[in-house]
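Two complexes, one shared chain (chain A), two partners (chain B, chain C).
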Partner chain A sequence: METEKFEEQLIRMSKPGVTHLKHQDMLAEAIVKAKDKSVLSGWWLSIPLYIIAALLMKSFFMRSTTLVTNMHEFKGHDVYASLLFFVLMPVVFIVINYISIRKIYFLSGSPKTVRFLGSVWLQLLAIITSLFIIIIYSI
Partner chain B sequence: MVTAACHYYFTVYYHYLLNLNTCIMSLPWFKRIGIFFVPAALMGWLILLASVAAAVYVFIAVDNLQHSVSDALMNFVFHLLIIGAVYSLIAFMTSRVPGR
Partner chain C sequence: MTESELLDKIKADPAQFAGVFKLYYVPIFGYILRRTGDFDATADIAADTFLKAFLHIGNFNYTGIPVKVWLYRIATNEVNMFFRNRRRHNSIFEKFDVADKEEFKSYMEQDREAMESELQQHEQFVKVLGALKTLPEKHQEVIALRYFEGKNNREIAEILNLNEGTLKSLLSRGLEKLREKCNQF
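== the complex of A and B ==
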């Protein structure tokens, strides 16, 4: 008798309808956060890019100099500023954007498609720009 | 009697200030639209106004030092980028409610 009741109870007990998955929220939040970080990276990386553009213009108008010599001059003149803008900041933004991409990749279920690269192209652009700045500084 | 009244007044005033402070300081101060962080609270607007004031001050200072328009603009843009970067950093850090 009790067993029948228990079976009835089990039948009545249905699995609650899960309409919204938790990890969807987490993924959406991770994407928004990653975009915020890439915008922040863009603002900060625009400073060394502007300096590179200025040095490039200087080498264009002063024929006797090149971008490399101008960069060496800049490094010697502003040691700490050059280290901050051309080494420290790009490295920090590479790490931050790499962590964001990894998080999105993990939450998306480790997809192996080109569409994933399309969804994180801003972060990839920030990493490539940071690498470009470090390379320009190190030559 | 006077002491009790004073105590009551200061207690009420203290709670008023505390509530006001909590209300003003509550996050988020900014929301992101595209590549810009737009103020979403009073503190955000104050920070934006401070940034604009700093930019105007820097422009006047740079303009007084330089002799040509192009020199002034080139130097001003560099300072403007730094102000924009600092503003975006503050906005990024205050555009989210902690623990969410």
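== the complex of A and C ==
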């Protein structure tokens, strides 16, 4: 009974209201001009992809080598660069794109799977490419 | 114009987003103000809400969820993040490139005065809000939407993506907790 009374009080209690905001039109203009500054450039992934393509070409023209042996040779030649391009960068991309997909899912109004996949295909492609780079590096 | 037509227009011409802004900025601003009780936080959170909506409206597929519900969802999440991290959002002045900064500043000052006086006139509400802020996030959300915004259960369930059973239980437990807190005044 007491809770019902309290509920009634909450409903009847007068609340602060907003009817007009002077800054509204200027802010609308500024927002429409805004650009998303959080986009991570996918061009960074082109570096390991370029190296993989070069190693693949090498294995194609030098019959005695394979992509795997060329990759081992590259790893031995420059450990830190190979770790940066083939492990660290793809992992960062996977994490960032995963967070981005979650954000888009929420901001898209939790759409159905097929529609949602259509709107995050770029992020999914970045994750698949990153996984591909890590797999090539680790075999 | 239906919402789906408005969304199609925005997808074709992003400048049409001003239409969404015109329709929903004031109610969403009011909702955030009644959640935070603070003009500066409200202005920053409301700007973030509409910026996110603008940047992601292309991903918002028309699935029957009204734009207003979607905006309430984003605003609720932004308010929760604000309370959770207790972080200051970047000031509205740092984030946006407004045409005339001085004029914008003066409008913001006038709006601040109006909102602060509005809050001062609702002393009882401010006290209840203070008590509400001490409750868990889920209880805060449902109580604010039900008793401050006057939404019905179906609307709240849609905004928070909950089923009505869970919502009813959150409402009754939250209300009980809020009553206990308010009795301590």
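By definition in this document, the second predicted complex is superposed on the first by the 98 of 139 C-alpha atoms of A that agree within 3 Å, B and C clash if a C-alpha of one lies under 4 Å from a C-alpha of the other, contacts with A are read in each partner's own complex, and residues count from 1 in each chain.
To be clear about the criterion, a residue touches a chain if its C-beta (ideal position, glycine included) is under 8 Å from a C-beta of that chain, and two chains touch if they have at least 3 such contacts.
These numbers come from a predicted model, not from an experiment.
Enquirer: Which partner does A:D78 contact after superposing on A: first (chain B), second (chain C), both, neither?
Expert: Neither partner.
Enquirer: For A:E8, decide between first (touching chain B), second (touching chain C), both and neither.
Expert: It touches nothing on chain B or chain C.
Enquirer: In the superposed arrangement, does A:S119 touch chain B (first), chain C (second), both or neither?
Expert: second
Enquirer: Between chain B and chain C, whom does A:A54 touch in the aligned arrangement: first, second, both, or neither?
Expert: After superposition on chain A, A:A54 lies in contact with chain B alone.
Enquirer: State whether A:A28 touches chain B only (first), chain C only (second), both chains, or neither.
Expert: second
Enquirer: Touching A:G42, do we find chain B (first), chain C (second), both, or neither?
Expert: First partner only.
Enquirer: Have a look at where A:F106 lands relative to chain B and chain C in the superposition and call it first, second, both or neither.
Expert: The second partner, chain C, only.
Enquirer: With both structures superposed, pick whichever of chain B and chain C touches the larger number of chain A residues.
Expert: Between chain B and chain C, the winner on chain A residue contacts is C.
Enquirer: Can you list the residues of chain A that meet both chain B and chain C?
Expert: Comparing the two interfaces on chain A, one with chain B and one with chain C, the shared residues are 33, 36.
Enquirer: Could you please specify the touching residues of chain B with respect to chain A in the complex?
Expert: Per the touch definition, chain B meets chain A at residues 32, 35, 37, 74, 77-78, 81-82, 84-85, 88-89, 92, 95-96.
Enquirer: Give the list of chain A residues in touch with chain C in this complex.
Expert: 2-3, 6-7, 10-11, 13-24, 26-34, 36, 104, 106-112, 115-116, 119-120
Enquirer: Please output the residues of chain A touching chain B within their complex, sorted ascending.
Expert: 33, 35-37, 39-40, 42-44, 46-47, 50-51, 54
Enquirer: Write out the stretch or stretches of chain C touching chain A in their complex.
Expert: Where chain C meets chain A, its residues are 14-15, 17-18, 21-22, 25-27, 29-30, 33-34, 43, 47, 50-56, 58-61, 63, 65, 69-70, 73-74, 77, 92, 95-100, 103-104, 107-108, 110-111, 115, 118-119, 121-122, 124-125, 128, 143, 147-148, 161, 172, 175-176, 178-179, 182.
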